[in-house]
Amino acid sequence: MQRIGVFVCHCGSNIAATVDVKKVAEMALMEPGVVHAEDYQYMCSEAGQARIQEAIKEKNLTGIVVCSCSPRMHENTFRKAVERAGLNPYMVEVANIREHCSWIHKDIEEATKKAVILMRAAVAKVNLNTPLKPGESRVTKRALVIGGGIAGIQTALDIADAGYKVDIVEKTPSIGGRMSQVDKTFPTLDCSACILTPKMVEANAHENITIYTYSEVENVSGFVGDFTVDIRKKARSVDMTKCTGCGVCQEKCPSKKTPSEFNRGLNNRSAIYTPFAQAIPNVPVIDREACIKFKTGKCGLCSKVCQAGAIDYDQKDEIITEKYGAIVVATGFDMIKLDKYDEYAYSQSKDVITSLELERIMNAAGPTKGHLERMSDGKPPKEMVFIQCVGSRCSDDRGKSYCSKICCMYTAKHAMLIRDKYPDVNVTVFYIDVRTPGKNFDEFYRRAVEDYGVNYIKGQVGKVIPQSNGKLLVRGVDLIDQKQIVKEADMVVLAAAIEPNPDVRKIATMLTASIDTNNFLTEAHAKLRPVESPTAGIFLSGVCQGPKDIPETVSQAGAAAVKAIGLLAKDKLMTNPCTAHSDELLCNGCSNCANVCPYGAISYEDKEVNDHGKREVRRIAQVNSALCQGCGACTVTCPSGAMDLQGFSNRQILAEVDAICR
Amino acid sequence: MSTEKKQAEQIKEISGVNPLKCMKCGKCSASCPSYNEMDIKPHQFVSYVQNEDIESLVNSKSLWKCLSCFACVERCPRDVKPGKLIDAARQIVVRQKGQDYLLADEIPELLDPDVPQQLLVSAFRRYRR
Amino acid sequence: MYKIAKENLPALFQRIAEGQDLILPISNGGQVNYGVWTEDADVDIETLKSVKSPKDAFFPQSENLYTCVREGKKLQITPEELQQKDFVVFGMKACDIQGVEVLDKVFLSEPVDTFYAARRQHGTIVAMACHEPEETCFCKVFGIDAAEPKADVATWLIDGELCWKPLTEKGETLTKAVADLLSDDAAADAKVENEKSAIRAIIDKLPYSDLSLEGWNGDALTEKFNSPVWEELYKPCLACGTCTFVCPTCQCYDIKDYDTGHGVQRYRCWDSCMYSDFTMMAHGNNRNSQMQRFRQRFMHKLVYFPANNDGMYSCVGCGRCVEKCPSALNIVKVIKAFQNQGGENA
Amino acid sequence: MQELIARAKELLANGTVARVLGWKAGDLPYNPEPAYFEKEEDFKDFVYNGFCGANLSKYMIEATKLEGKTLVCLKPCDTYSFNQLIMEHRVDREKAYIIGVGCKGKLDIEKIKKQGIKGIQSISGAEITDDAETLTINTLYGDKTIPYADGMLERCHVCKGKEHKIYDEIIGESKDTKDADRFDEVSRIESMKPEEKFAFFQKELSKCIRCNACRNACPACSCRKCVFDSNKFDSSQKANVDSFEEKMFHIIRAFHVAGRCTDCGECSRVCPQGIPLHLFNRKFIKDIDEFYGEFQAGEDITVKGPLTSFTFEDVEPSVVAERG
Amino acid sequence: MSIEANEEFRPKIVAFCCNWCSYAGADLAGSSRLAYPADVKIIRVPCSCRVNPMFILRAFEKGADGVIMCGCHPGDCHYSTGNYYARRRMTLLFSMLDYIGVENGRTRVEWVSAAEGVKFSTTMNEFVEKIHSLGKNVRLGDLRCRN
């Protein structure tokens, strides 16, 4: 029989105002095993913890129940407190009488009754608790960064600088990501490539960084400190060790009809290509879908012109298996598809473009060599209309419910750059709100209005109608002047919402990291742990966690790196002791548990058991407690009840059920 | 409950619209083909309901200028559907008038051979409820 | 000898059930078992054997012993009340009545089982002769006369009439209570005599009636216990409890506690020596193979029990286990197996 | 039967197998028992007829632990159970020599007796070799004849087919005796009102005596120690104290074999109280078929069971309420 | 302690919540002060796949009037696949309970994320209301537990 102490917290008035804490303590003394009960202002305070420790010593307590806030809040605090008093930390159970009781009920009598029942359930459980000891697992001192955009590059650089090996896996042929597609950055208007390229080069040259481009994560197993990852290095068809990056193959390639991904399909690229001039590595890949050699077997021109002999049509996908201690996700974003926004005529007119397409048009290396012109006829525009919040802040299923955060600022940037370079172009921006929280952001927006004469209209556009004269009829509203505006424009730029990279779902599943309804990766705590995933050892960098601009991304990337470094710096990790274990006398060896284990933690061995004097070799399930994460799937699938979960055993849960129902 | 509040609740109930979801972007007004004819603009309908000023709505010209084309309903990013509010306000008027609304029997007398079928249906939709 | 027409039996049952419980064979979901009579019960006195024996009437499968209610740290203990109300068991066959006598040996010897004793005291048994004995019956082997059951009242169901003969004081009392429904008929005696001889004639023809119990007694203990025959015999046994739960003489029980949330209800329930946790103790089980448990059942019935009860076997030849064993094992096969074995060895 | 005996003796003699698991004639015309035969002379009692209903797969759990191979006679439906046991590593295929024996439907003595037949002395027509369509029963109270099909076990009326799913050789012809849909009764119950359903099962389960025959005969209930026998769940055993316990026992029993139950029908065959226990198992089978696609346990040992697999698009539990 | 006829029916409701999503959702409902009846008592389990049908039957046995299980949304399981198994298990169990005549509103599964405090609270309100409409659980309880 345990000797249990029950400690009821007032939480100031958070609990005590609705729950009669004295009554709860008094009722606790009636429960079997309870030898001590008291209430106190703040159990989590120094003084509160000291009271628990004193009681443990004075009354030889073997089990502790704290009736307080959610165990998600202070379970650890109390575990540590009892450990200092010499008790096993897993002999503590928390009855959640704040979030689950005092905060949601008004009637004191009712709330007190419920608090008593919750206390009883915790006492019933702790009666069956057993001391648990965490195991230890080693930490592989290498990190994986998934995604080679600015977020991934920054994280990798910071980890590498701290002295740990880092691998970057990038899906496209070059690192650089979205930032490499951007022309200028707000609010300083520096050239994006000018600040990104040095970082790309630094990453490429760093002795601690290995970059796998044109590669994807194929499989992840293991757990914090000891992940095993399979990386598929797709066949580039070009030998990276031989290629000099001269570019002749791309010039000579006869297949030049593939829309350029980098230029958002505004122009075409060859079948053998590097996405952009500053690509790292500066080694082209052959797009086998487009390549004539691969389609027909004839051609082979690139191979003939390559002096280095780097073209290798027989190259195969390669699987690299590597161990990592920490994984950082930096998978970034894409613009949403606009096919559901037919009213803006995006699919009907080439002159309705997205902001990212405008970036490419404005860029000197872009499809128009940096000249602002209409994609339909190459003529310079005179009237430009920008439409904000296309697909952002939508509560229907066409768009996203969130604010994409970056559009207000980049639209101001675009408007300003256009007015600066082409003063005769009229720029109108239809907006709902202009959101400029950020250092020098509002000043930047005001400059666009005040110094550059950008016409901001509060109101939304209802429809864009392509005219037979090639112009676009824009029908919007000015909510301030209370009038409908019908305007002819030469180009319309849509600030399309951004969304997480669609691949992130697959990656999240592999990592067992949770994801929200918008496909953004969930952070462990919205305020206090914003760069960690709830899954241990997985960190979040950049837009995969939520919309961000470049400086925010870079600072989050650094934060994720610090968290990863903090993990890699440890030699050993304590593992969760709440793992499954099988009772060898009950186990049938039927394999049902192994079939449902998501971690491959269960194996079988032929073992001699002594079943009440009867010795027999039996096939018995064995749980690798370093791999087991304690979900309990196996415990339910086991028909004989041989599999049980420490800390949440069948009998413990049944005891709680009984206590609640009695 | 005051009459105003009651009416506002009634409109919300009939239309199934929650005016609090409106983010005042004006896309409804931008989309409206009758905008210039209206004294109370589509986006204002929402705030009138919010402010429980149903009297003004009921007496507005707009109520009968709306073509029920539902462009605003289709395009509203917040699923607020101003068109449905207008429809609901009409319903209130009809209910106030009691039985004094267009009946199917009356149509032949009113019927002009040149009236397109569509108009008839739309008129019926507007005045029959 | 009294008699009553078969169609008047419902009235008789109604009368008996006034002021006391009447337990008799009732058909439910296609199976006949003894149960408490109610007006809408589907009484079936034609079927020879109920699935379970009627021993429940005196020794229920499960019964409460006492109840503890906990309030705070105080416990209140309420013992279960003993049977106080009279009851009648109607339709018991000669073998089942012998079964009760076996139970008497166990529960009425010191220390007396008060729960059982109270039920015996308050129960009146109305027996019925076996009109058409079946091939699984072997009561004759144990000296039981299915044609003339010994009870408080004996009855015979002949040609649509139930002949009724009180045999004890309890029987006389019951007869008096229902006298107006019965008619006295001297001619019935002859009919009953005819019926008895017809029954006995059939019994003589039954395949098991010539079964020999030679060698089954207390003296045979060591020899039987150590016989290699058990090792072969038990193999088809699935270790279910069917044979023990349908048996009129199996008397082993287990005592268990049920957590009611407010305290504990202590009850006893039939146990089966076929179960792996039979007589399980803290150190484990002293019969930890199915062979040992299987042997226990038959050794108990045919060796240990007669050794302690003046030669009385604790099998009555009702044949229920013969009918119900899922593996077609039964006590007859066991007895025969030893005979064959003996023959071969000799 | 003679061919079977001859082949069994041959395999025993040439050392292929160490023992034969079959049936031994009983002392009544209808009660043969599962038995091992190790010597040639044992075969004088060997029998295989319409009353050999037991599914010997269950016995193979212990038999394949013995030294040497065991020859086992399996009927077509028994082979599903054997496959399932292979999947769960409960039998050792290497130590089994499977003779697929012919089957033309097995007989239910309870069902025969229910037809007013008692005092049985002999039965003809139950031998597997002849094609008799009728059973002739000689009793102390006169001779009776009934059509063979009227004496058949419920499970044989919904026969899974005459194909053996696993065997080393086949001896004897089998016949598909299916003449009813196995889900008819389940559907009938499903269409009842809740209170009718409850009354139906209450009535049936009230007969339960907790003898555990259903569990112990079941080849899927092969746990070394059942949860109802261990103290892990504080689930009491062998007491029929309260109606709840029977429900708990039978629901959990069926749940534990859901997706693993081959619908061999042993549970219903062995129940001394004639409770149609297969109605629980078949409900799960019917639901699994409807929700997750047709699945027959024991048919293909490479397919994962429906409760140890899933798809992303599985129906939500609310489907139960929505179905009405 | 017999229940008097006029005494208001207070259902006993057991809610199994997974630690990562639904328990946190319940916490959020609490910190957002989103009330639901005190009849609901939550048991924390690591994952919905830890919920054994035995637990649910046991709750009914001991007098619960309703049992609800909450887990992460399919696809969001902290253990990646646990709730998919739970979904199958509960579908089959609920179907069986329905089959033996237990009112199917007494059991429910709801996927509640850590961010869905509102959903947790409305779900619980709805569920309690449903149990009120069904009344006391008389079909599955063990009589010995009633007093």
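Here the chain labels run A, B, C, D and E in written order, and each chain numbers its own residues starting at 1.
The rule we apply is simple: contacts are C-beta pairs under 8 Å (C-beta built on N, C-alpha and C of every residue); 3 or more make two chains touch, one makes a residue touch a chain.
Here the structure is a predicted model, which means the values were calculated and not measured.
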{"item": "If a chain touches chain C and chain D alike, it appears here", "value": "A, E"}
{"item": "Neighbouring chains shared between chain D and chain E, ordered by label", "value": "A, C"}
{"item": "Contact-graph distance - origin chain B, target chain E", "value": "2"}
{"item": "Chain whose Cα mean lies nearest the overall Cα mean", "value": "E"}
{"item": "Between A-C and C-E, the pair with more C-beta contacts", "value": "A-C"}
{"item": "Most distant chain from chain C by Cα centroid", "value": "B"}
{"item": "Mean-CA-position distance for chain E and chain A (Å)", "value": "31"}
{"item": "Centroid spacing, where centroids are CA-atom means, of chain A and chain B in whole angstrom", "value": "45"}
{"item": "Distance from the mean Cα position of chain C to that of chain B, given in whole angstrom", "value": "84"}
{"item": "Rounded Å distance between chain A and chain D, as computed from the means of their C-alpha atoms", "value": "52"}
{"item": "Shared interface positions of chain A, touching two or more other chains", "value": "596, 637, 650, 654, 658, 661-662"}
{"item": "Multi-partner residues of chain E (each touching 2 or more other chains)", "value": "53-54, 58, 62-63, 75, 81, 85, 89, 144-145"}
{"item": "Residue list for chain C, restricted to those that touch at least two other chains", "value": "258-262"}
{"item": "Chain-to-chain touches, reported pairwise for every pair that qualifies", "value": "A-B, A-C, A-D, A-E, C-D, C-E, D-E"}
{"item": "Interfacial residue positions of chain D with respect to chain A in the complex", "value": "87-90, 221-227, 230, 232-234, 256-257, 304-305, 307-309"}
{"item": "Residue numbers on chain C that touch chain D, as the complex places them", "value": "28-31, 33, 48, 51-52, 61-62, 132-136, 202, 205-208, 232, 235-236, 238-242, 244-246, 254, 256, 258-259, 267, 269-272, 275-277, 322, 324, 326-330, 332-333, 336"}
{"item": "Residues on chain E engaged by chain C in the complex (per definition of touch)", "value": "62-63, 144-145, 147"}
{"item": "Partner chain E, residues of chain A touching it in the complex", "value": "70-73, 96, 98-101, 103-107, 110-111, 113-114, 117-118, 121, 505, 509, 512, 514-517, 522, 534-535, 578, 596, 598, 629-633, 635-637, 645, 648, 650, 653-654, 656-658, 660-662"}
{"item": "Residues of chain A touching chain B in the complex", "value": "343, 389, 393-396, 398-399, 432, 458-463, 475-477, 479, 482, 484-485"}
